[in-house]
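Heads up, the next two complexes both have chain A, just with different partners, chain B and then chain C.
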Partner chain A sequence: MKRLMEMFLRRLGSLLATLVVMSFVIFLLVEIMPGDVAQMILGQSATEEAVAALREARGLNDPLLERYGRWISGVVVGDLGDSIYMQGVSINSILWRKVGHSIILAMTAFIIFVPLSIFFGVLAGVKEKKPTDSIISFFGLATMALPEFVSGVILITVFAVQLKWFPIVSVIPIGESIWQNLNIVVLPALSITLVMFGYISRMQRSSMISVMNSDYIRAATLKGMPRRYVIFRHALKNAMLPTITIIGMNMGWLFGGLVVVETLFGFPGMGSLLMTAIKTRDVPLIEACVLLITVIYSVSTMITDIMYSYLNPRIRYQGGQK
Partner chain B sequence: MKYFFYQLKKSPLAMVGIAIIVFWLIAAFAGPSMISFTHTEMDSMNQMVAPGEYGHVLGTDSLGRDILSRIVYGSRSILTVALLTSIFSTVVGILLGFSAGYFGGRLDTAFLRGMDILMAIPPLVLSMVILGILGDSSIASLTIIVSIAFVPATARVSRGVLLTEKSQEYVSAARIRGENHLYIMFVEILPNTMGPIIVEATARFAYSIMMVASLGFLGVGLQPPTPDWGMMVIENKPIIAQAPWAVLFPALAIASLVIAISIFSDFVSKVLIHER
Partner chain C sequence: MRRTMLVVLLLAIPMMVFAGGNAEQVASEKKAPVKQIRVAEQVPGLITPGVWDGQVFSMNSSIYEYLIEINAETGELDPVLATSWETNEGKVWTFKLRQGVKFHDGSDFTAEDVKYTIERTQDPSLGHLKKTDFEVVESVRVVDDYTVQVTLKEARPTFVYLFTDYNMAILSSEYDYASLGESKPMGTGPFMMSQLVPKESALLKKNPNYWAEGLPKIDQIAIYFVGDIDASISMLESDRVDVVPFITPEIQQRVDGIDGISVISPYQEQRFISMRVDEAPFNDNRVRLAFKYAMDPKVIARSTAKMELNDGVFYNETPIMNMLAEYKELPLRERNIAKAKQLLAEAGYPNGLSTELYYASDHPFGKELSQTVKELAAEAGFDIELKGYTRDVYLSQYWLNVPISITGWGGRIDPSMLLSLAFKGGGPWNESHLDEPVLNDLIEKISSEADPDQRMAYYHELQEWFYNNGPLINVQVPYLVAIKDNVVGYRQPLTMLPQYKYMDIL
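And now, the complex of A and B:
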């Protein structure tokens, strides 16, 4: 436990370091954007003096480091600044609602794809080289290879256009919350599920195969234990380890996927917000969204690593030294 | 190579995969000359024509543009960018990963830290933000930026395979012979690591297609009038209820190509791992 704590602190430290560097990189990246922020706020017809005055007032003429310092110190106390495109609306008032929507979407997808892909991965692994395995494996390969919007488009054609079970676009009517419109989450969540299913079930399958061929499983089988007991009590415990890593590693894809899926369905989440921010060249909003995605992504990677070493006694007792 | 074809004969799935890839290559090279419509021609009398009608084999979109010719033209750009990206990111990955792994020490630590930082942003988000900020993507900018997003992955793979080879005896033999570092890295070690690197590169090719298609879909890929498969999907999504073909065919084009390359890459890895 002490080693785990030590590892946790070390990881936390490197996480913070990464985030500091990353925030600077994000800031620089958006700074190189062609075009003048002040000009954008005032529009093309603004006089040169007005633009110059606004640049001065917003501190755009200050040295780079000073501006970074101002931005990052705001971020640390939770002030993300104001949106430029939606004239002076504070980002905090737009961002968090959308983040909430995205989290609901991601969690729904997560709840569907994790058990589903583990179950089918185990099934394929246990029935290695039989027709069941071939079907599951090919389906996994096919769905994994499809970008989210391709599987999404197929889902829309089937379930929204033909069967009319779900709406084509995921819009929340004004004045209602997402909880009254949960049917808009289903198709986006399913598109994410399809992509994730391939990765995770394939991983689960191959680790299941290698575990099922190990000596201790053979011993358990020879002892006369029921097969179901051997699979779920003995094999699954060890076969889950690589799967957990792969789930964690794919969190990055999940966030990239969110942007795509939300754009496809017009789902009002963080991904489509970032897309709008890029299209409208809304500098502070881009910075806020990218920073937030980075934070969520890095934290989930860290949690995966810690969970992995907690679940794997070989690493737990040796303090992370393989 | 002989072994490759021997294995290929036994694997019908891999044959189908290669056939689809060859089909798209031919379409990209010779396709445009075989179709009676051009990709920008707007047939204003025949908007949203169903597949097969009025000579439009795959129908038309809301502007009356022929879907088939747009898909065929689109295959050129996506194949070019994806091929360049996978080559570029693999080569840069080898250079970075090899030098970090070979020299070790501080260089290696700096390398790992740097890659950690690059990996802190999901690749799609990274390239989409940079491309969106720069605006006006071209084949060159698309290739460079997607490659940058991929380099952490390719460099880590290269570093990994180098580390397993580094302790081999032939490496110390070369060192004692007094060969210089570059010679050892690229003449002695590189040929022995080609297997995993080729596997990684073919997988990277499939990722590149997905990535380029997704970027096009998000509207930060190649700009009109160049037809782009991903962009065709989002452009025509508003008319999906009236003209599903305008969305489905480009989507299927992406699907077939990516699945074919994945099957191929799976097959390559099976063959190369068996060979050892």
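And now, the complex of A and C:
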């Protein structure tokens, strides 16, 4: 347990270091983006005078490091600043609502694709080289090859345009919350499922096959254990390890990187907010979104590592045997 | 087996929840008792009048009001917050104001507010977009609560038109627009801000104290901020919104033929194809003429907007729109490739010349127009390289500094507002870098001439100058709005401000 704690602290330290470096990289990247923020805000009718006044008012003329320092010192105490457009409207009030929507979408997708792909992955692994395996593998490959903007359009065409089961655009009517409109989550979640299904089921299949061919499973089978028992009690736990890694590695994407899916469906989440922020050069908002995504990626990777070492005694005890 | 059951259950529960939500929501939409119009607009930038970039017209034009507005049907000036105005030779202007008007916060509208709004244009910390236009104001005097007198430094017979500009909404002198203007916009308009979700939506409710009897006709306007025009149209198709303004011709084709949806064009916008005259090759008028001879207005109309010339798309070689009273009908230049080639040869380019055309690729008609111009000009020997950038990059990095550019210009009901900004030596938006004494003089005379007939004569002279020497092609393309057939009375004059108070939904 002490080792685990130590590892946790070490990981936390490197996570913080990553975030500090990343925050500066994000700031620099946004800085070198083409286009001028003040010009962008004021549009074509802006005179040079108006642009200059706005740059001054928003502190855009200050040196780079000064602006970075101002921004990061706010972030540390949880103040993400104001949107460059809506003065007096803090980014916190814009961002968290969208993050909430994105979490609901991610959770929905998660509870659909994780059991589904693990189940079919195990099935394909157990029925290796049989027709069931071929069908599942083919389907997995096909969905993997289809980018989400293609599968999304197919889903929209079938379920929204033809069958009219779900709305074409995932918009929350004004004055209502997402809880009254959960139907808008389904198609984006299915679209994510299609992307993830191939990855995870194939990973699950190959690890299942290698576990099923291992000596201890053979021993268990020869000992006369029921096959179902062998698969679920002995094989599955070990075969899950690589799958968990893959799922964990994709959690960052799932919670913060759904820009394409959210934009395609017009879903009011963090991905589409980031897209809007980039399109309108809303620098503080871009920085806040990207930093949050970085945090999610780093934290989910860390959790995966910890979970992995917890589940896999070989890694957990490696340090102790030195 | 238990696990399989669990998986099935896990999948089934959310499905049931979502399907249930769907049915409920359809029911609640059907029994909506309020009369509302739903609009999908771009995500707004700054919205406080003065620095408003002109996005989400439906929102600002409903919350704020102006001294005067343009009647969308007649093109005349209609009194709004001013009931009448008079001038002494265009130098001293007296406005009588409407009595009994209240701002949304309950305060009274008086002459002080008009004084505040005008003086605010000169606030150096604000970067007011109308600062230059209002520099001509010498003083604003409050005569009494409902009379304002504006004295100008020099005569401006068409000064009153400046008050139709969308950034000249009348603001309350007691409201803190610096800190509340973006989050709680407040004016005297027919609708009041009820709920604003940043980057997502706005709900506007009818102003119960609105001064005009019987207006507005609807109870509320729901505005969705949608960054993507395709998503906006999907919302229109699936009956989630009723109006989608500022669509592109490609989108128009997609919407055409859908029952219950029409595309209307309340007014025309201008696309200026400008040649830079202080550098080769366009410093030679023969090159400019050759370029103009290479164009074919009919082809431009058809391939840019899928419309016929003079039926939705208009074309001339001057800064004056065809629909304005000041427009002088000059013969349309017939396409003449031989003549164009000859002019180029005379100017020292017997083998043609290479140049670059810059434009905003994400602006409606930008791609279509630039491509057409390139191909038409190629036959006369112009080898044009197209340089398309997103609008912000185009405006901030290239505009005003390139050999040929295509830029969108809103129409002005009083064209003199545009002339000194864009065609006079030293003007801030002088794309062509024009500094012709004859032209500068004409523009000066137009803005100070009090006699309307004489002013018209100057306008005609100016257009002839442009026809013979000008570096400009003015293609007027429709501003397109996709709208449900049950929305009636859509009005949006050349000021671009839609008048939702007159609109109704059946």
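Please note the rule applied: the second predicted complex is superposed on the first by the 285 of 322 C-alpha atoms of A that agree within 3 Å, B and C clash if a C-alpha of one lies under 4 Å from a C-alpha of the other, contacts with A are read in each partner's own complex, and residues count from 1 in each chain.
Heads up, the rule we're going with is that contacts are C-beta pairs under 8 Å (C-beta built on N, C-alpha and C of every residue); 3 or more make two chains touch, one makes a residue touch a chain.
Source: prediction; values computed, not measured.
With both structures placed on the common chain, the touch criterion links A:M275 to chain B and to chain C.
Look at A:N183: by the touch rule set out above, it reaches chain C but stays clear of chain B.
After overlaying the two complexes on the shared chain, residue contacts for A:L65 are found with neither chain B nor chain C. Looking at the shared chain after the overlay, A:I94 reaches chain C, while chain B stays out of its contact range. In the superposed pair of complexes, A:I112 makes contact with chain C only, with no contact to chain B.
In the overlay built on the shared chain, the residue A:L146 is in contact with chain B alone; chain C does not reach it. By the document's definition of touching, neither partner reaches A:L28: not chain B, not chain C. With both structures placed on the common chain, the touch criterion links A:I168 to chain B and to chain C.
By the touch criterion defined above, A:I303 reaches neither chain B nor chain C.
More residues of chain A are touched by C (comparison of chain B with chain C). Applying the stated touch rule to the two superposed structures, the overlap between the chain B and chain C interfaces on chain A comprises residues 34, 168, 263, 275, 279, 281.
Across the complex, chain C is touched by residues 34-36, 39-54, 56-57, 83, 85-89, 93-94, 97, 108, 111-112, 115-116, 119, 160, 165-169, 171-175, 180-183, 185-186, 232, 263, 266, 268, 272-273, 275-276, 279-281 of chain A. Residues of chain C that touch chain A in their complex: 3-4, 6-7, 10-11, 14-15, 17-19, 21-22, 24-25, 29, 43-46, 51, 53-55, 124-129, 131-132, 167, 178-183, 195, 197-203, 222, 224, 226-228, 231, 234-235, 237-238, 240, 390-393, 395-397, 399, 407-408, 428.
The touching residues of chain A, counted against chain B in their complex, run 14, 18-19, 21-22, 25, 29-30, 32-34, 138, 141-142, 144-150, 153-154, 156-157, 161, 168, 252-253, 255-257, 259-260, 263-264, 274-275, 278-279, 281, 286, 290, 293-294, 297-298.
On the side of chain B, the complex with chain A involves touching residues 13, 116-117, 119-125, 128-130, 132-135, 206, 210, 213-214, 217-220, 230, 233-234, 237, 240-241, 244, 247-248, 251-252, 254-255, 258-259, 261-263, 266.
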